[in-house]
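First the structure, in the form of structure tokens, and then the observations on it.
Letters A, B, C, D and E name the chains as they come in the text, with residue numbers starting at 1 for each one.
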Amino acid sequence: MENTELMELITKVIPYGTVSQGSQYPEVIVPAGKLHDAAEQLRNLEGQPFDYLINMTAADFTDKFTVYYHMESTQAHNLVVLKADIADRDNAVVETVSDIWVTAEFFEREVFDLFGIRFKNHPDLRRLFLEDDYGFPLRKDFKDEVNIIELPN
Amino acid sequence: MSKDVIKNIIVKDDEDYIINMGPQHPSTHGVLRLEVCLNGEIVKYVIPHIGYIHRGIEKMCEADTYKQIIHLTDRMDYLSAHMNNEAVCLAVENALQVEVPERVQYIRAILDELNRLASHQLWWSAFGMDLGALTTFFYGLRDREKILAIFEESFGSRLLHSFNTPGGLMHDVHPNFQKHILEFVKYFRKKLPDYKNLLTDNVIFHNRTKGVGVMSPETAIAFGVTGPSGRGSGFACDVRKVAPYGVYDQLDFKQVLYSEGDSFARYQVRMDEMEESLNLLEQLVAKMPSEGDFTAKMKPIIKLPEGEYYERVETARGELGVFIVSKGEKYPYRMRFRSPNFSNLFVLNTLSKGLKIADLVAISGSLDLVLPDIDR
Amino acid sequence: MILDIYSFSTLTGAIDKGLNSAMAPWLATLLEFVIVGVVFLIFYALLGLFLVYLERKVCAVIQNRIGPNRVGKWGLLQTIADLIKLLMKELIPIKNADGFLFNLAPFIVIIASFMAIAALPFAKGLQAMDFNIGIFYVMAVSSLGVIGILLAGWSSNSKYSLIGAMRSGAQIISYELSVGLSLLSIVILSGSMQLSTIVQSQADGWWIFKGHILAFISFVIFLIASTAETNRGPFDLAEAESELTAGFHTEYSGIKFAFFFLAEYMNMFIVAAIGATLFLGGWMPLHIGHWQEFNNIMDYIPSVVWFFGKTFFVIYLIMWFKWTFPRLRIDQLLNLEWKYLLPLSLINTVLIAFIALMGWYF
Amino acid sequence: MNSVFKYFADIVSGVRSLCAGMRVTGKYFLSPGEIVTEQYPENRATLKMEDRFKGEVIMTHDENNQHNCNGCGICELNCPNGAIEIITKKEADETGKLVRSIDKHVYHLSMCTFCELCIKSCPSNALEWGQNFEHAVFDRSKLTKVLNQPGSTIKKKEAKS
Amino acid sequence: MSSESLVLFFVLALVLVGGAIVFSSLVAPRSFNHEKFEPYECGIPTEGPTWIQFSVGYYLFAIIYLVFDVETVFLFPWADVMKAVGMRAFIEIVVFFFILGLGLLYAWKKGALKWV
């Protein structure tokens, strides 16, 4: 299936999202509140359900967080990226998709560990790598005077 | 379809008989801690605890140039160091739309396969040891030594050879490179029957692995279990076939798929992949241009255009993804590695539930986990 | 036909006579006891060290390695160095462990193997105790060891040890049956439980040859079952290091650990010696039918060489198993015994009884 | 009857597979020529590392105790781990002008990951790989090395022609 | 030697183990460290009691074993005199083995040989 066709199909099921051709793969940008619904729509997309969540991660843009979901359909081998912005950095909450892809449970734990984004309805939201009182190291404003030696640029 | 969702079920009880396997345990290859709940010999649930060697590679990448990132990726999955390098290089090259010389692509593919072979050999050794056949460890390492000697000759180091650089390679390969590879292929073909007699055909080995830790294709997809572990369940996830990179679309090889999904199927996938890799090596050496540049022209300071880039390669353990968010600077704004072992590890609970503690060892061995890759 | 030049009875007899003529009988008996005791103690310790060394060398060569080669010529003193090291190691008392049982366990395993070794016929005329129920005695005493293992595992207050001990308990008692039944078949054939009589009955040929294929099957069953009895690979579930770190002796340190180690190797020697005595003719030389010349040449080889040659052959077989096979799982281990070995050995025993009755053996 | 047959067939095939395994180990047991162990400290004399072997970073000095390093600091910039520190000094050359030159090229072997970026990026080819691999020392501070030999000077450039 | 010397061997084994342990505890160094005396569980403190009611699987086999082992004890005297007594002994033992085999078959079919 061509990318344009796929994008049309996605636009049909996710009318509230912005579907565009990213630098490599089709991108779907949805509001953070609609993330779970959009994910479910993609997971059950007609003809080519995106059943394989390759990757889930986030990035800190100092004024907002963006969460990324890379998913592939194992039938058509198309890859799409689902994105959502979380504006509230101090109290970042987004709904979990671990009920759709079980692997997201662990990706979300990692994102929570490193960014401090909370996932609503997550079955077991604990820190994955770090201690409970450690900061959220992948936030851009994270400072650790003890352990990190800044290199002169 | 979403009604029969696969879940990771853990039911805790106050009277659980908890036993910790790891972080210092002979069968967790690395510092993995498994919190195992037992009922006699039967496993009730397994909770993996990771993070003992979390080095924050993703954070470190944010302060490194793209050339400097390469040497960090070696240290994630140290057994497929070359593939990790290649993933970053491919991401950078694709973002910059650099045409990499053909010779480089062939050399990279050769190194991929050599690295895959070395990794599978080590896995075979360690898997035998997990099951109590200590001799396999020495035979596997003996043969792996030959590959490491080839690496050492060309790159100067045996395990962590940061040999790739965005745009090409650090050096040209050693003049004896092709000759030694062909010698190795011949040598290893002769040794494979030993592997078969020692483990593959062994009746005890069959009993220990057949029907143990059966993973359905749905489970594999839902957990994102890729690589040989996923292909043992019939999940066609070989990135070399699904989304070919380098010269893989010009090569004749097949994706090894087994449908049983048990530990023995995962074992068989890797054994078949070893032979497949040997075939590939012969093809690659024959097709490889004997002359040519070893690197494309690159600017001394590499700056990726603003945007998001995602690149996938097939490592010895599954699909490695490199995700770069660039803001047009010489450092990546956000770098993310989707490591195959991360997803492969967490299926352990589902697979080993209701089986015996010895099976847990067999399953974790058959998943072929490398801990530094999980923790990053 | 057997030459008596190598018989140890002349030597022991002479010592006995000399002592008795020199002093009062009770003193002579006491002195004999002490001599025998000291000789056995030294023999036991040296044999243990040598077996450890042998195992290391055998597995090294199998695995394309050299093995110990630093201490002494070909590393011969390596195990002695290890022993000294283990003697110098701290004995760590484990918190909340059952102290008395914890310390008792190494005594029991050593006593079991030490008492069993006393009844073995090492050579013509060299047997400390020749019971008329010899086999029975050895079986009974050597199975005491399992109590030591169970105590060690239970008292350690470690979960790994506990599981290891439980496994080993289930394993050893199960395989006791097959060992018993396969030994029984030789008792049927030779009509005696006395080890010296059994050896004498093989003067014209070893039971493994005289008893047709049935005796051979019996030998194979004995070999498998006794490997399991001694907790060696592929049946080393009690100390399966990939699952239970070190199993029942996880918490033992220093010399106490060394005793478990020693007992394991001595048990291996005992079962190998029993196998050699019952199936391979003990210290009897190899005799083939009516080849008078050949038999005479064989007679010139001392009986003690025959005994140790055969025993070490069996020991080598057991080591060969260990360094080749993957470990079994607990349920498979018990399946193998109860569903394969036990029925087979039951049938085998009946058949052997039949051929013994009919006199259909050589 | 079929299951009884299968029972015995299982035994036979099982024993056969075990024998196949034992044949492999037995074969190696009987061929000590296959032993691959390297006797390391004894074979020091014959042990030769590959030409490209990455043992440590060294600075090449010619017979006049001269090296190529002019202290530009590019290697320091390129090192991902901060394993290189360049300490420069100002020195008057023959015309009396103050010229920056290298005082100490400090190399922390303990932080080096052998990524080769310093060697590749050096514009004057002053650095290269040394073959020494016996780095074990009792004190970590001994792993910090000064690469330019004492009293060494910078090699004069050939007259530009 | 007579069977009284069994006591000798018993005492010798005691001396061997006891002597070595006493010697070792005299020469071995001692150091005190709170963590050191913990039971080993891969570096993590144990949770919950170690000594609990354990799985019945192991004991089932012990019970079956008891039945069989007592019978094996009877078999040895029989084996000793089998050739002397002749056919009668053989027939009797065949009947005995048959019953024994039935017992094993019963346990097998009953599922007692299956691991739980």
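Following the convention adopted for this analysis, contacts are C-beta pairs under 8 Å (C-beta built on N, C-alpha and C of every residue); 3 or more make two chains touch, one makes a residue touch a chain.
Small disclaimer: the values here were computed from a predicted structure and weren't measured.
Peer 1: Where the contacts of subunit B and subunit D overlap, which chains show up?
Peer 2: Touches both subunit B and subunit D: C.
Peer 1: Please report the minimal path length, in steps, between subunit B and subunit C on the chain touch graph.
Peer 2: Minimum step count, subunit B to subunit C: 1.
Peer 1: Give the chain pair that accounts for the most C-beta pairs in contact.
Peer 2: C-E
Peer 1: Taking the mean of each chain's Cα atoms, which chain ends up nearest the overall Cα mean?
Peer 2: B
Peer 1: Averaging each chain's C-alpha atoms to get its centre, pick out the one most distant from subunit C.
Peer 2: Following the centroid criterion, the farthest chain would be A.
Peer 1: Whole-Å distance, subunit A centre to subunit D centre, using C-alpha means?
Peer 2: 41
Peer 1: When the C-alpha atoms of subunit B and subunit E are each averaged to a single point, how far apart are the two points in Å?
Peer 2: So the centroids are 45 Å from each other.
Peer 1: How many Å are there between the centre of subunit A and the centre of subunit E, using C-alpha atoms for each centre?
Peer 2: Centres of subunit A and subunit E (C-alpha means) sit 58 Å apart.
Peer 1: Between subunit D and subunit E, what is the gap in Å from one C-alpha centre to the other?
Peer 2: 56
Peer 1: Scan subunit A for residues touching two or more other chains and write them down.
Peer 2: 151
Peer 1: Listing for subunit C: what residues touch at least two other chains?
Peer 2: 62-65, 159-160, 167, 245, 323-325, 330-331
Peer 1: Specify, in ascending order, the residues of subunit B that touch 2 or more different other chains.
Peer 2: 17, 19, 25, 41, 135, 142, 198-199, 202, 204, 356 - these are the residues of subunit B that touch more than one other chain.
Peer 1: Output every touching chain pair, sorted by label.
Peer 2: Pairwise, the chains that meet the contact rule are A-B, B-C, B-D, B-E, C-D, C-E.
Peer 1: Please output the residues of subunit B touching subunit C within their complex, sorted ascending.
Peer 2: 17, 19, 25-27, 38, 41, 128-135, 137-139, 142, 198-199, 202, 204-205, 207-208, 356-361
Peer 1: Looking at the complex, which residues from subunit B come into contact with subunit A?
Peer 2: Where subunit B meets subunit A, its residues are 1-2, 5-8, 10, 50-51, 54, 56, 58-59, 63, 94-95, 221-224, 235-237, 242-243, 307-310, 312, 319, 321, 323, 325, 333-334, 336, 338, 342-343, 346, 375.
Peer 1: Taking the complex as given, what residues does subunit E use to touch subunit B?
Peer 2: Touching subunit B: residues 41-44, 46-48, 52, 54-58, 115-116 of subunit E.
Peer 1: Hey, which residues of subunit C end up touching subunit B in the complex?
Peer 2: 59, 62-65, 159-160, 163, 167, 233-234, 236-237, 240-245, 323-332
Peer 1: Under the definition above, what is the set of subunit C residues touching subunit E in their complex?
Peer 2: Touching subunit E from subunit C are residues 32-33, 36-37, 40-41, 44-45, 86-97, 103, 106-107, 110-111, 114-115, 118, 128-129, 131, 133, 135-136, 154, 156-162, 166-167, 169-170, 173-174, 176-177, 180-181, 184, 187-188, 191-193, 245, 250-251, 254-256, 258-259, 330-331, 334-335, 338-339, 342-343, 346, 349-350, 353-354, 356-357.
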